[in-house]
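Same chain, two partners: chain A is paired with chain B first, then with chain C.
And now, the complex of A and B:
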């Protein structure tokens, strides 16, 4: 009986690993295709697409596509723009949304339930429906810069950052996480004379690592993949982000190797960011049940 | 001595600064970001203009072509369009009607002899002018035509529908090709109305009634259109051509690699084919009964309606209309120069050049797409209908639905300025 059970366990384990391996392959193959294709000349790349050779570093392999991609478009400028816009937005978003969520979770004030519901309701509004009104608004907004008061935010970093700082999903994530924290911790801090900001900064935020990681990664992905918004508010190449820059590679005769090289390069920051935060991200998914 | 030198240097510096300040800045948006050759030529034209006079300074901003139109529409909404725009020919009436553009004010002598497809007229006025045009031809191998005993069609005597179908049958019977004809079904978007509406027109139909521009009834779903639709569906149902699931890679290289006997493709793809297929010939569009037709109208320059210095913008456009630049674009990116004079200066389109036939096609067979602001929507409707018919949908139902959709859009927009 014990032998049968051990065999069953072994079989189950084998099936489980087989399924996991299959899923891993399904997820890894597009990335593998991208990287391998970025190393091949156009004719070979097209010829290989119909066979397993597409996933292998075989044939005429070189970094020529990377050289050509960097010549075709200001890739470094686009990447700096995207990393800058994404990085600042993520930091501001974590600060603003966590403060808002703290208020909703711990402070007693009239109407907070209604306001939180309204904020959460914004989750169902597609961005496309507010893009044009937002465009009209930001094109007239004032700003005090080096040249004094000026109107219009178009063609700037701020127009790519500020409208995206606060969002319903990030606030929701923080609220959910904060509500699960032991109330005794908050009450103890308050009894010992801590101000609400001290409670937020010294008690709550140090415990919020997993949700910070989750919110940061989700925000990072949203911001790094921005296309429609920068397309309509940014006309100058100097502030253009990576996804709009992808359009530089689609010509009448598209050089697919260069497209793949560009995609490989712009994927690196996303992978790096995920690798840094992956432990906290997985922990947060396990605890909140939210995934990107 | 040192004092004199200092004074001279200061005077020269101030003079240069004054001269630079005297030039009024004019913004220009262009669709060619990512195309090194095209960018180099447009930059050269701008630099020549800026250096050649002291009144205006054009500043160029390039956009990726696939998102250019969206950027312009957003710019118009936000009120920050530059003075000089480039605009795709069939889109121009929409932008003019929407109030994004103003008529050009250039000397008529500058556009004498221009190919008709390079001039963008709306409401009786010239709004845009292009430095080049594009044309579509039927790619074939002369050795195949000879082997199958087919007459080589000419501009004066193109193939009839019967001759064209006989050629496809011969190609299919030969057995060496996966498909007899590559129509480029993998290229979605503007390719469909640009490349395929000429077939419809040659059958006697059209996307919109060009008499009134307020209706599509009778032209897109009349007898001629139905005949076109049945023929179109037959090409896929009987396996003459790959359908909407065609691999884009096959579209790019299938003819050159010997997968297709014939290909319906543009002049921009001709240079690589010349290198890959030794005996390639570019044949004119077949005549399906109402005359042979191909599409016309490519990217053109225009002036935005909000431009405060239209005289400077027009001066730049006039400057750009030099045969030297037209030829440079043609040699650089393979497009058809707008004038015979410029064509004569090019490698490919000069008399005896390998692509000379395309200039003739543009001059003789070209028909601009319907000149109406509603074309932008009608083109999308037409594309969807053709894809559905290719996939087996009922021809009459699809064309009727397309007519309804186009007319509903026209009605929603109060006729797009047409009286009806």
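And now, the complex of A and C:
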């Protein structure tokens, strides 16, 4: 009996590892292809695509594509723009959406159920349908800047940030998480004399680590991958983000090696961000049942 | 320390009234226990005093001030929750000091008060731990510590021992009793456990369906229950209720009988009866003494015995088919089926009208 069960366990383990390896391969190979291709000259890159050599660092390997990519486009500027826009949006979004969710979850005010429903309903509206009206709106909005009052937000960071700060999904994630917190904790803090903001800041947010990580990663990915919106609201190179910058590389004869080099560079912040928050992210998915 | 006055306090959730006009006076330094079955409104009442539930109507005074519309923090109360409600991301020290931190108390004062609370609750060695490293009893200590440091006028306890195991519950019960003696503060304590109520309270308030059934010292309630509900609720095993018919009625007493009970005179406890009334005779199991089968006032056969060592609980089936419980303060072997008689001191029995378990003046 013991033999059989040991064998069974071995077999099960083998199957499990086989499946995991397969899944890992499916996810890793495109990345591998991208990085390897970025190291090869155009002719070899295209020739290698017909064999497994595409995934191996073989042949004429060099960093030439990176040099060329940096020469073709202001990669550093694009990276700074994207990181700035993404970072600020993520931080603002966490603050605004968690405060809104706090209000929905803990404060009692008339109509909060209806308003929450309306906010959740916005989840089913595709961005493409509101892109043009939003463009018309932001092109006329006022702003008080260094030069006093001005109108129109085009070609700025703020036009890339502000419309994306509040969103239904992030609010929903926070509301769900907050509702699962023990009510007595909030009541105890109130009895102890905490104001609502102190309850939010000292009790609720310190306990919201997993949902903060989830919301941050989801927002980060959305913002870092922004393409359509910056494409239509930003014409100046100085505030252009990385995804729009990709357009610099698609010409009559696309230099695929440079494209791959560019992609490799702009993927790095995503990997770094994800690795940092990975543990909290997994804990959050396990506890909320929300998939990223 | 302070007095608390509840005057015609009412609470409705939508159309449902859950607190139906409650009047309670809590004196300075008194330990008052709200007791009653699940859903009787005792926790809601406590939460209304704490300010966690709105008061629909009536007035609530703490220390002579009407506090109906004051926020919890302005009422001078501290509350200990059933689930402890200590903050998992803070150390014990930070938890205990939370109220002081919020109030912006100076560091030295905070440290002094936390040290004092830790000394009273014997948890100095736990101060730098996180709640996840504490046992249930230790967590409850932290919750009580958090209440102590605020020097409240009134302590509120919402079933603080329900989540603890039996042995620990007894220890903590004694500690809370000592705490009350040492601090001398007014305390309101909600429980469904009548042992906690009997042992801790200066005054018990028995609640049922949002109404006060009776208020009094534990012994008043035990010896002179105002109605069937209180009679049945306090004491273990529960009081025996025997359906009887009232014969003749004299001043302060009435003669009652049933097929299983020889006619006896029992005190009416100020309640009025007339001949021919159906009534309920209530007798505590502890007041029944076994006799020879043909002696005594009640006659039947033993159905079951439970030997607890110092006490033997006997379930007796009476001749008219009714059932009665006797608790004898000794170890006694009685085989099921044994014929037995039971007698009791009629002066210690209570007579109630045979109606639904209704309220009577108290």
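Rule of thumb we're sticking to: the second predicted complex is superposed on the first by the 292 of 292 C-alpha atoms of A that agree within 3 Å, B and C clash if a C-alpha of one lies under 4 Å from a C-alpha of the other, contacts with A are read in each partner's own complex, and residues count from 1 in each chain.
Just so it is clear, contacts are C-beta pairs under 8 Å (C-beta built on N, C-alpha and C of every residue); 3 or more make two chains touch, one makes a residue touch a chain.
Predicted model only: the values in this text are computed from it and were never measured.
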Inset, instruction - Consider chain A as the common anchor and indicate whether chain B and chain C clash or fit when overlaid. - result: fit
Inset, instruction - Considering only touches as defined above, state whether A:189 meets chain B (first), chain C (second), both or neither. - result: second
Legend entry - Which superposed partner A:58 touches (first chain B, second chain C, both, neither): neither
Inset, instruction - Could you look at A:34 and tell me whether it touches chain B, chain C, both or neither (first, second, both, neither)? - result: neither
Inset, instruction - Scan A:221 for contacts with chain B and chain C and give back first, second, both or neither. - result: neither
Inset, instruction - Name the contact category of A:132: first (chain B only), second (chain C only), both, or neither. - result: first
Inset, instruction - Once the structures are superposed on A, label A:141 by its partner contacts, choosing first (chain B), second (chain C), both or neither. - result: neither
Inset, instruction - Scan A:120 for contacts with chain B and chain C and give back first, second, both or neither. - result: neither
Legend entry - Closest approach of chain C to chain B (Cα atoms, Å): 50
Inset, instruction - Take the contacts of chain A with chain B and those with chain C, and give the residues found in both. - result: none
Legend entry - Residue ranges of chain B touching chain A (in the complex, touch as defined): 29, 33-36, 61-67, 70-71, 74-75, 77-80, 247, 249, 252-253, 266, 268-269, 272
Legend entry - Partner chain B, residues of chain A touching it in the complex: 43, 46, 49, 71-73, 132, 135-136, 139, 152, 154, 231-233, 235-237, 244-254
Legend entry - Residue ranges of chain A touching chain C (in the complex, touch as defined): 182, 184-185, 187-194, 198, 202-203, 206-207
Inset, instruction - Please name which positions on chain C make contact with chain A in the complex. - result: 50-52, 71-73, 77-79, 81-89, 98-99, 102-103, 143, 146, 150
